[in-house]
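Have a look at the structure below, then the notes.
Labels run A, B, C, D and E following the written order; every chain starts at residue 1.
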């Protein structure tokens, strides 16, 4: 069986799973996952084969590229259904399929009691299909299609519990906000076609730089294209100012949050910008913009995450923040670091979300951290795995997060984006802090759980704990496996070919890491910052020291006091900097007014004119019928007068 | 004794005098017809008016038409009209208000029309107008039964149709009839 | 004067005008009918006048005049019949009271 | 199958059906329904045969195949000439398909005066098919007007409470446009006859196409044609008859109205207005492009606040048809391809949406969005179908709607990025009104109003599924394999564009 | 072929003869309506056969006062068919109201004879007499329901104004005679052909003639009699009045203005254009506001006069003898044919509807007709569509033809074309309103049944078939109309 067939299978299998589950799922009752889960496992196996072949250079320099059929043959505008696999794709495949598979397994347990679970698995399969298409797509339009399809599955899954109005609204919000970005994306694609006349990745990345260097494309045009494309990325990866949908997306079942809104879909933007590096890297302005947006989102989201009460929302904002990190990395030219962080983050954030799901399950669908606490004894597996995740995201060596995050900061510093580096470091501190705030409020200190629920708390089923454990492993080891030795790790070997053009364009030379030089200092610095953040969090929200077996009690009064000290900042953070309220006013209130106004205009003015004409005609008729008085003499006089007129006309105008 | 060729002092021919008299009578009687308050009197004035016209036709040397005028108009039409008047007199005698309220407008319109006609007649020469000549009855008869025989027939039919219809409309029949 | 076409035409014009006035001004159906007769006679007068002064029409004029008289007679017949018929329905000869149908 | 007058046969099928029904006793409504359905299906089958026999490569007569021509009114050179190219063919098949679907969809809702209804529907089909086939301007006009009467009756007799106002508005509005078009047609024919000195071929499309009329006539005639077509499409600001007509029309009526009647306008532009009067077309293109942009955005925004499901879909049609006119009048290959695709897709998708609205209306006798809610839980199959077509209408990739829209975008962008940018905003607005509508109808808890219906609120019946299934299938197929359509229409489109590029705009208009 | 003397007059003689025969039959066997109808119908069919059989030539007969040329033949055929349709459909209305058929048939035949005289007249005197023979019976028919106030009121209005206009018309003729010195049409044409400058008197004559005929065709502002006369008359009479006298008056126009005064067409055309515009616009606008079907159709018939005048205007505006001129006249003639069938048809349906006395002619009485009498409803719809000008009906092609001619003529005439179509759109409103009542409103509980007899069915059928047939295959009569039109153009 040839590689193209295998790659195609990656798309076919989930699709088949979706269709079958959608058709017969309802009859499967409790065993709804019986089709979906195995199919995804199979997909994972195939994906691993493909990944292995790719990373072991099985596809050569250019990677695998093949066309299934001609999708849109519109005259000169021809878009094939073409798939491409290179190392970058491979890296994404690892995350997507692995996390995807684990989430499927986890869902078997998590959704065990939901009547609509068959829909859930169908949607999950649909998502897997869309996401795989997204990473395998060989041209812009196909990628855009997948882009929209993942949006669709995210819409369906966020709104999975549609009887809950908030869920339905959140789903709609996610779709719409994404659409805003997609407008730009679509326009960008059009711009590309009108400039180079093709949409195939390979050809575009060949032609565009050529024409640019040949001076056929002005820098502003290139910047324009990059900007438009970036809009899409901003939307999908929930960067400022389109970040508002992601927190609400937590209305969806937790596995969905883990899979779509942490590990895979939201990374699509990062992947896409990385994929389009030949374009971006040609426009310094674009790069700077990406970096700016990224780092700003990072700090913004982190600042909000500090004060949120809802466990999933904290994670959501942390996701935003981490994605911001990745964009910052892309912006400063540290592409490899970005993808590296994408992968590690995919795993540990997936872990954290699934863990939070397990917690929520344990306390009977309670998400408010103020009503948790002291859970670590009752759900040990969840606790330990989540602790690992927390340490990983905090960037504590030697866990995965440490390596990827460090490469980003290092890259920023190396490439001279000191401000980015500085903020990045601060965000690292915040991250460490709010993660352990989360841990503390959830697992340590006294329990605030509803007493009626308290006794019923128990560890989740195997279906859920096993995936947690499996995800914990990469969260610990992935960094060391791929990142060591620093700067020359596997990840670098894999991805350098992908980004070499970009490196040239940016004029970046990749000099080896000096452990006992500037890099060393940065490493120590960031680690220290993270440790400091953790320390403070522990002092405020408590901790359970595993080895010593002793506890550090939380100190709520201190927290209150601190919030008192900077009330404005606290409120700003707590109200998410009022973005949602702003949007509400702008789009719901004002937009609604405009729409209603236009409708009035349509009825009163446009249609009014039409009916007005009719009324005028009828009115004229009513007036004219009055001349028919019914009196013969009037008629005769009328005739006589008309006769005079005609006669005068003839005698004067005609005669002579 | 013989009358002089022209009337002394005035220098008119006798025909002219006759014309003037007839014309005056014509206009006068016609005015009486349309202005008379009593409709029956109007009818009588109409007869007189017809007679004057007969005179004018004679003056124009058209004997046969003059005769026909007397027979048809005075003998038939006028009488017919008088009968109709008798038949349609409301007990209240002659209607109080003879004229329609638009009489003044009517007068103006009529004067304008008359004026137009008169002016036009005067203003434009009649290219074919020649010397005055009498009309011989034979010629008329020849035409009537020659080229105009079709016309003659049609008039016959016309009168027949008029009579049939007139009889139907005028006759009082008591057949049950529901308005539709 | 009596030998000129214009004078007769003028006379007929006046007669026609009088007829017109009568038709426009009188309320009584029969009076209006009489006015129409006046108008027809005016036409006849001018026709005869043409006949007398235009050689080509000398004979035709008489024929036409006779025909017109016949037509006038027929019109009178029909008209009076109608007048009588409506008088039976409305009990009035005043035309401007026949206004059941209007507008 | 040369020799065989395929097109006439296709026209005859519904015509004969109507005649037969006219003589069927009205005591047996089911017999009448059956006959009507049969006739429509025969027409459909024949059109499929036509499709299979059609060869995109064949040049035929001036690019038209299956041409039949019979002298009709020789003294004026008026002939009965039919013929199709790819564009006509696509629309013919669309018409035959939607007709039998509509008749099927009418089986249950229409119980009163079935006979008249079915006759009207079949005559309507004859008219629509004729418009797409006619190659003689006079014949074209005749069919164009024939369409009017049955639709007038369908809305007026079987419509909603305010049907008479709506149907009179529809007819009069359309009539004003089309009558002026008649003058234009006659003027064109005479212009030809007076130059050539013979009426021979004065109404023959193929003869007139390349004739090159003088500017004054072109401008006048183009404006007259455009008015007629703009009202049918309908273009902003001539669209206000559409919401009324749709709201009052019975479901099947709306389906045909949106599915085919609106396409008559777009087809008219493509087939007649552009090729006959290229210079004038060039001249007025900017104006029409602007109007189209207004229609696209305006229609979408107004749709957002519609309280009535049908009104919402109607206004969305204004927006969607804006793409058609936009795509046509940027005179660009992709855009025109997209416009035609958009016509077909809009026919399928909006037709289906009206069917969906009809399904709920039949149960609730209400279309007020505010009174709906929670259908997804109680009528999952219905909600799924509705949602599917809703998403197709949003323009989701993989479904038909996307390709047409995107091609119009691309083509427009190549000509005027600004126009494309404005048009692209509809990606958001479109999603706003459709998703919001669907959220209010399908999601949330079951509304009190629907609760009140109790067991009357049933899920879709087999017959309803049967009407929607083919549309859904085609929506997917054309989404994945738009080539099926594009291969048919590419030739004609290139022809039209070639004709336009050869022409040059009249200079004396303000915006030139 | 060559037709001479009596042979040329044969159809006319037959019609008159039948008229008299009907009178006699009615005297012999009073009260036997059926017989009168049969005799009349048979006689007319014979006459029609003769019209077809005798064919046409181009030689005037009876001292050059009458001619049977293609135009005569066509017009005669129209008149005879109109008479047949009227006689077939009238009994349904007259019998229930105890109105005798004998006098009706006879009077109608006399009127038709008058129309036929006009059709073939080559002499102004004959023209005038024919006109009178046409209208006098018309007055009587209008007042035929002599017990009915409406009928007699309509009749007297019609009569008084009609006689008034006749006098005016006659005065106009007198002037023409005085100016040209002849009554023979071709001679008049010759004489006028030499005229270089029109004298005031001649201009006055033209004015008087124009007003006279404008009245007869009910052109605005000389239309006042039409609504009252049409509404008052018994419905079948209205049907006849709306077609017979109108078409005959147009025949008069063709013979007088086109043939005799042809050389002056350029001087008249402006008036025609103005009249046409006023006529169709006012007719349609006022028709919209009518609630009485007969009155509405009266105004609509005024509007149709306007459309026919468009053809005449095209003839006048186009250069003499140009194809446009021919198109104009042909359009006028074709329109007359189409109009005859669709309008009589429409009135026939009204007749059927009023088969039972007491059924008012309010449009509301059409309510639910589509359900009560599907066939009648369908046929009425057909006629209304044809009147609107929707294909494929005769009415549509007629409109298309006159509009085409106007477009060809160019200048103001082409503006007239646009006005005409806009008017057609307005007209659609009130025609379709009737359809609304028939199909979209429910019948009142006390709806009376329609009268139904085979002659009525036959008449309706004929009208319907012709309306649809001439719409689908106008080629059937186009050659005839064309030949007729050419006759007029060939005339000096």
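Throughout what follows, a residue touches a chain if its C-beta (ideal position, glycine included) is under 8 Å from a C-beta of that chain, and two chains touch if they have at least 3 such contacts.
Only a predicted model underlies this, so the values are computations on that prediction, with no experimental measurement involved.
Listed by label, the chains that touch subunit B and also subunit E are A, C.
Using the average of C-alpha coordinates as each chain's centre, A ends up farthest from subunit B. Mean C-alpha positions place subunit A and subunit D at a centre distance of 38 Å.
Spacing of subunit A relative to subunit E, judged by their CA centroids, is 79 angstrom. Centre-to-centre spacing of subunit C and subunit D amounts to 65 Å, using the average Cα coordinate of each chain. Mean C-alpha position of subunit C lies 26 Å from that of subunit E.
In subunit E, the positions touching at least two other chains are 125, 129, 132, 136, 139-140, 143, 146-150, 156-157, 160, 164, 168, 178, 181, 199-200, 202-204, 227-228, 429. The residues of subunit A that reach two or more other chains are 625, 628, 630-634, 636-637, 640, 643, 647, 651, 655, listed in rising order.
Within subunit B, contacts with two or more other chains are made by residues 100, 102, 105-106, 109-110, 113, 116-117, 120-121, 124, 126, 128, 148, 151, 155, 158, 161-162, 165-166, 168-169. By the definition given earlier, chain contacts exist for A-B, A-C, A-D, A-E, B-C, B-E, C-E, D-E. The residues of subunit A lying in touch with subunit E in their complex are 617-618, 620-622, 624-625, 628, 630, 632, 634-636, 638-639, 642-643, 646-647, 649-651, 653-656.
Across the complex, subunit C meets subunit E through its residues 16, 19, 23, 29, 32-33, 36, 39-40, 42-43, 46-47, 50, 54, 56-57, 60-61, 63-64, 67-68, 71, 74-75, 78-79, 81-83, 85-86, 88-90, 95, 98, 100-102. The part of subunit C that touches subunit A in the complex is made up of residues 20, 23-25, 27, 32, 95-96, 98-103. Across the complex, subunit E is touched by residues 72-76, 113, 116, 138, 141-142, 145-146, 148-149, 152-153, 156-157, 163-164, 168, 171-172, 175-176, 179-180, 182-183, 186-187, 189-190, 194 of subunit D.
The touching residues of subunit E, when paired with subunit B in their complex, are 9, 16, 19-20, 23, 62-66, 93, 96-100, 103, 106-107, 110-111, 113-114, 117, 123, 125-126, 129-130, 132-133, 136-137, 139-140, 143, 145-150, 178-181, 199-204, 234-235, 354, 357-358.
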